[in-house]
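Take a look at these structures.
Each of the next two complexes has chain A plus one more chain, namely chain B in the first and chain C in the second.
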Partner chain A sequence: MTADGPDPRSADTEGDRSGRSGSPRNVPALLLGLRQERFSGTVRLFGAPGGTIHLRAGLIHAIETPGTPSVESALLKSGRVDDESWAAGLSAVRDTDGLGAALVARGSVGAAELEVVCAGTVFEGAFALAVGGPGEWETGDPAPTVLSRYGVEPQSVAEETTRRLALVSRLWGSPAELARARALPAGRPDVPAERLPHRYLGLLALANGRRTSRDLAFASGRGLFGVMVDLIRMNGLGLVQWEGRAPAGRPSTAPRVVGDGRVPAPAPSPVPTAHLPRRVPGGRRAGHTPDGARPSGGPEPTAPQAGL
Partner chain B sequence: MSALEASLSRLLETPGVTGAALVDAVTGLTYCAVGDPSAVGDGVDTAELAALVTDRVGPAGTGGELESLVVTSARRYHVVRTVRRAGDPLLLVAALDRDRTNLALALRQLNGHAEGMLA
Partner chain C sequence: MHAHSSATSSAPLVDVLASLRERVMGVSESVLSTADGLLVAADTDTAQPEAIAALAAATLGLGARMAQQADAGSLRDVVIRCGGGQIVVLSVGDRALLSILGDEGVDVAALQRESPAIVEELLALLAADVPS
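And then the complex of A and B:
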């Protein structure tokens, strides 16, 4: 597990709540303490991407962060709710706390659908915050936003976030790097487009080597983790590759040398390496064999093994 | 009771259904579960299974979107039905007792439920 992941076990909730010395050691610990206090208000996180966690009676009712689309973005971008209905819903309420209920009452979105979107966005928001790593925080008064009607236990959110971080770390590597990685369609996909799910086709249409995973999440109105999981799967299917990375998810099977020196050395080359031409900085200087010129009857030059 | 729970609970009225859940097909997050949770199984595992079928069997020729999976064991049917929507698809998962289930009828009822459950 990465050091920046949430650790729900470190529930040290003594001290103040401003993110200074003596306060809870991390955000999950802070949230568990606030749950016990049945705190209603906001936890504002400073960092990259940072964000705001909205609590009511200690339960998480919304998370807003620039790291993943909000409920508003998810509903509008995916076409579940159109701009006109959203504006009409907004005009019908005093603040955005009641907007969800207003949209349901107007028939703009189903109550069950809204519950799914709100709950999904809480977990996606927590993941996006955790990807950004630790930072300072402060608690504050309740702030208006689109709240989920039913709050989520902080413990559930911490456990699910830990699972998601571990999954991405296992399948790809650093979640923070994947959030910044730029995918692009692989040259010749093995699978015909008509046999692919719609959401893969949607990502293929948007992935252009310039958009990061986070950009793709916002462009499609989908959660960051969902997009990451799909991109990893699509990379495994040879559909996308990463800008600046080796193509198509085929892990290297070359032996890796580690520091303790106990890994067996590669089998010795049948030809003494001293006889092989070497590419050298500076090229065709006197005393070095020019590139491409090899001793008559000698073997092909082997690729340098540096970096393995 | 939430709208989701109310909608899902109606499935328990179908003869033979012992448990049901609504799971995110991409993230594996279980949004709601009713009845016997151990019969329905883990949402993450169910989403993994569905993804495996979509990614490996789909390209082999069945093509496109997964509609449903039926896993049959000695005592139970485990039915996974895709719920299509504007965002990422969901999975309606139901565990059915074989002795009390007419599979064709139950599938028909599950399909009808999947169509309207988020409206």
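And then the complex of A and C:
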């Protein structure tokens, strides 16, 4: 679900509106195509994790995936709605799109509050699907779930997802790798507990070396992206470390960011300058560019000659 | 992987159970028990393994009776869906049971995909229990 997908293969397939399926890479483009068609229904993705994207008139009104808490989980886990109200709301629903309205009508949750949770869950779901990687997809009929009242443009979702992936990649590294890492509290935090935000304390209480970011998101009723970013920052503060196969926290993050760009650059420069003056003077220009010309190789400067 | 001592050979079983958490998103704990409810091996955090083991036997027994009464064919597994999680109990051969505990978002499709392989791996390890 990133913004840079090529043309959808799907949009020009047969005209009927459901029952189409296709290959993975172009889901954002598929959604843009469905937006133009004002498609109402579901797009089911079969990845790890898969998920279901609920569309109404082409706008994304909900995304459900095992990768991040659904609206139901977010509402119940956070205590905004209790189990009884949820069950009563379910029984009051008349049509597939009415659950959210039923909850608001019963006074179980405020309309604005519900909309914030719903829209937030759309972005979290898109991020979780993107972290999970591509899979097959198929379109289908509308299915009941709690829908955002207004929906979100697929373009906005794709752009935001790209931004979030880039942020996690910059701060930590591969988002997929971070998704597999299991956090546990580090021995000696650098910051006293009373100065930590509630979010951090909540995650610290739940992190036990068995839970991934996704598990912590479900345990706390928060979104995957928010939990990931908090864990990265907590790792930086020495509050949590990574358990098991995932590389140990701080040493792995620093070289990952710095190393790619800077380490190769300074190393080769002193080597060629020491040798070039002794060789053919005309070969100097070509000798500058390929830094692979090591002194221990053949003394004959084959590359400069080829360059001439 | 021979059963040199039946009491100390649960580590490979625990490894298989722990791998469930890697293979299926949302699985948090799992318990392997005998068909009559005794604990064999567990990968648990807060759940009481002995209690889960005993309840697994009762759960699957009830499920089988219900399946029989409803004339619904042979029992595959018992799924318990709750507000904050799901529990799946399935049999591992004739003599063992596997209880899988997950959160409410557990990847059910992945669980269905992976559980036959898990059962097979457990069966292979448990086969050493039977003197041939």
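Brief remarks on what is shown
Basically, the second predicted complex is superposed on the first by the 216 of 308 C-alpha atoms of A that agree within 3 Å, B and C clash if a C-alpha of one lies under 4 Å from a C-alpha of the other, contacts with A are read in each partner's own complex, and residues count from 1 in each chain.
Just so it is clear, a residue touches a chain if its C-beta (ideal position, glycine included) is under 8 Å from a C-beta of that chain, and two chains touch if they have at least 3 such contacts.
Please read these numbers as outputs of a predicted model, since none were measured by experiment.
Contacts of A:Leu196 after superposition on the shared chain: chain B is touched, whereas chain C is not.
One of chain B and chain C touches more residues of chain A, and that partner is B.
With both structures placed on the common chain, the touch criterion links A:Gln36 to neither chain B nor chain C.
When both complexes are overlaid on chain A, the residue A:Ser78 reaches chain B alone and has no touch with chain C. By the touch criterion stated above, A:Glu160 is placed in contact with chain B alone, chain C being left untouched. Note: no residue of chain A belongs to the chain B contact set and to the chain C contact set alike, using the contact criterion stated above.
Of all residues in chain A, those touching chain B in their complex are 74, 78-80, 110-113, 115-117, 119-120, 123-124, 149-150, 160, 163-164, 190-192, 194-199, 221-223, 225-226, 229-230, 233, 236-237. The touching residues of chain B, counted against chain A in their complex, run 2-4, 7, 22, 24, 26-27, 29, 31, 44, 51, 54-55, 58-59, 61-66, 85-90, 117-119.
The part of chain A that touches chain C in the complex is made up of residues 46, 48-50, 66-70, 72-73, 76-77, 83, 86, 180, 208, 210-211, 214-215, 218-219. Those residues of chain C that touch chain A in the complex are listed here as 21-22, 25-26, 28, 45, 83-84, 103-110.
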